[in-house]
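In order of appearance the chains are A, B and C, and numbering begins at 1 in each one.
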Amino acid sequence: MLKEYFIRRALYLIPVLIFISFMSFSLIYIAPGDPAEIMMTSPSGGYDEAAVEAFRIAHGLDQPFYIQYLNWLKGAVVGDFGYSYMSEQPVFETVLNAFRNTLTLSVFALAIALVIAIPLGVVSSLKHNTVVDDACRLLALFGVSIPNFWQAYLMIILFSVILHWLPASGFGHGTDIRYMILPATVLGTGSAAVMMRMIRSSMLDVMGKEYIQTARGKGLSEKIIIIRHALKNALVPVITVVGLSIGFLLNGSVVVETIFGWSGIGNLVVDSILSHDYMMVQGSVLFVAVIFLLINFFVDLVYVWANPEIRYDRTS
Amino acid sequence: MSDVLLKVSGVSVSIPTGQGTVHAVDDAAFSINKHEVFSLIGESGSGKSILGQAIMRLLPPNAVFSGKVELDGTEISALSEKEMQKIRGKTVASIAQNPYLAMNPGIRVGTQVAEPMRAHLGLSKEEAKARTCRALKYFDILPPEVREREYSFQYSGGMLQRAMVAMGTAADPELIIADEPTKGVDVLKRRNIAAIFQKVASDGCAFLLITHDVGFARAMSDRIAVNYCGQIIEIAGKDAFFKEPLHPYSKALLDAVPERGMHPIPGSSPSMIEVPEGCRFHPRCPHKTERCLTDPPVVEMARRCVRCWLYA
Amino acid sequence: MIELLKNRQIVLSLIILGGLIFMAIFANVLAPYACTEKDLQNRLQPPSSDHLFGTDNLGRDILTMVMYGARASLFVGFAVVSVSLAIGVALGVLAGYYGGWLDEIIMRLTDSFLAFPSMFLALAITAFLGQGMKNMMLALIAVEWTVFARVARGSTLDVKTKGYVRAARWIGASNTYVMIKHVLPNIISPVLIMASLGIGNVILAAAGLSFLGLGVQPSTPEWGAMLNAGRTYFTTAPWLMFFPGLFIMMTVLAFNYFGDGLRDALDQKMKNLELEGRF
């Protein structure tokens, strides 16, 4: 039953969630030196002895490690990640807002990636072992190998500086699509390449199946066979790559948002690191990890759901 | 002879592979009349299935085809792929050997059975669905409304086999090509398959049964063709064939079935890449002479023919 | 092994990689200028016969910097992957071989590391450890070892069911002996493939961190750091960014191409390694 599978998978999440919360919490302890000092150290490097002591007591840093962890966890569970040292805003709210922007950009990037990957993957598989296939594979190889920061600047030079088609950077209130095209394309490149490869090999696999020959035997046109009989089945394994792509997109967001001045979570983390806003870094990282974990969990369920063979096996 | 449905003349197929060219079909010629059940028997790997694929024009893309296939007076071997699509599933349909592999696991069985109706009969979704349910019911797939919405892996083997037949006959074809319908199937299932095929045949559909199963062919057919190493070496009416097979290989093949004492054929099947000179059976033939090293003629007799020097 | 050299893809990528490694090792001989030689008279010069790749904002020769930069990038790539491989394979084999609670713990630990998108984990670690090449490498190891742990575990589970391993255990060979003599040699191909793809990935990530100013310091000759330094001038002097970026891409491409060729050549079964998120 799907429900049982869901519960079992959900139970797996618990130890992982505990681990990642513990890792996020411990981050502050891997830093050389006293956490209170680190927290109270201003970007210029100085700190006030009395303020450190006050901070230590106020945040319970004089208590044993596990008590500190439990206290912190208690807050984190209800969305209390503390306050930013820089802006004095609640970390959770800031992170949530930034993440919303990252999500917008990522969804757009994912859409671009799929629009590129599906046709190229299908064509590449149908033209298996021809020049077209080689070209598509080479393109995919470039896609995963190109450094996104470099690609970003090349695209800015071409589309903004030379052609003046698109704005080089900026946020455009998060709604103006022109501001999203360049960053989303750069962000989606890696995912597009991985998905294209996946669709290609998946299509090759499916097109060799006997049921494709059966469909031909029924007099269906090649177009219908490819779309209805092959692509549908070939895309099922690609769902697993979508989860993976979310990782790609989140990773890419760090560099892409920094370059294009997009106020998302990647930008926030980099800014926070540069301004020594440790609470913000900790909160962002934990937040991203939890979201990433949940997305993968969800993708897993979609995969099971999209695969009738698995879906019904669990019913019987 | 206006009731000839399928006429195959001079059909040869060769397939280049890494090890050399496989001469899968050599100079095949036969015809099937309307409403007739015609069996092509022979050992596995003797090129029978390729002949079936050649008629359907579904050979692997690198296969080299020559010869002529006429269906209902139309030379289908000369049609464009687009025109051929209108024939496949409509006039001639095929039923594959393994229903679990031949059914798409990602599409509901009912939808797959309905596809030929939608493609060839121009039925709407609802009409096709109603007709599909009737077809499923006709082949004892019950209750059809439920089964129609299920997937292949939810079916039992026998039921899926029947669904395959329902799918093959969905657009009322005149000829069904069934490839090894009894391969890897136990006695009981074999009997069931024979029963469904007979049901379809009694509705007037002609069959080309491609099988290694001599007993099944005997139970089903009107006429028999024997295939050896890519060549058809004998064609005869069923009764005449089983009463008196002419070709030494046919004799050996019949002696090899369990009911006749299971005498193995001496030697082993030749490679399809380097076929023997002359008569392909001569290295294993008890009656071979000098002349068997040259190609034997196809000797026509009353209502049968044989490719052997013994009768020349 | 000889057969691998018949594969065009493998040979081609090996030639490129060989060239890059050669360039890195002999940078001091091959480079037209000294690495830190500043020439303030010739700042931001476009490519010319004197300076094939142009000069940067301090008048340093970019070609020279790119050559020395290969040292840093390749060193980081090889070092991080070697250490990650050692940790990951050790844990993965233990998990796969013994199974049970040990497997549970190691795999949950791996899952937890994988729960963080790699760039964020690396960022977090560099943020708290402080910037610099050594800390950046530690951060990348923290990200990279999981890949090897998962591949090693999966392959070990596969090998464990094989007759020769079961036979060895029946005749009473010690677990350590079986793991080293039977399991390790048989999981080496997937691990090597992942290592090749991993080096490319690490070089890319390291360049990214340096580009953000969180890895190697901007003044050192390292490709990512050079791109970071060139950001300010990207419209007026694009060659500052163009050449280091081109070399990053070429290097990563060669490693990916090599790993890909290796996978195709070694085993069809390896196709499912694609699921590990690498190319």
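Here is the rule we go by: a contact is a pair of C-beta atoms (placed from the backbone, for glycine too) under 8 Å apart; a residue touches a chain by one contact, two chains touch by 3 or more.
Model, not experiment: these values are computed from the prediction.
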item: Subunit B to subunit C, fewest steps along touching chains; value: 2
item: Chain pair with the greatest number of C-beta contact pairs; value: A-C
item: Inter-chain centre distance, subunit B versus subunit C - centres from mean C-alpha coordinates, in Å; value: 56
item: Centre-to-centre distance between subunit B and subunit A (centres being mean Cα positions), rounded to whole Å; value: 53
item: Distance between the centres, which are taken as Cα means, of subunit C and subunit A, whole angstrom; value: 21
item: Residue ranges of subunit C touching subunit A (in the complex, touch as defined); value: 108-109, 111-113, 115-121, 123-130, 200, 204, 207-208, 211-214, 224, 227, 231, 234-235, 238, 241-242, 245-246, 248-249, 252-253, 256-257, 260, 271, 274-275, 277, 279
item: Residue numbers on subunit A that touch subunit C, as the complex places them; value: 12, 15-16, 19-20, 23-24, 27-28, 30-32, 38, 140-142, 144-150, 153-154, 156-157, 161, 193-194, 197-198, 201, 240-241, 244, 247-248, 250-252, 254-255, 258, 266, 269-270, 272-274, 278, 281-282, 284-285, 288-290, 292-293
item: In the complex, subunit A residues that touch subunit B; value: 209-211, 213-221, 224, 228-229, 232-233, 236, 308-309, 312-313, 316
item: Subunit A-touching residues of subunit B, taken from the complex the two chains share; value: 56, 58, 82, 85-90, 93-94, 96, 98, 101-107, 115-116, 119-120, 151, 153-154, 167, 170
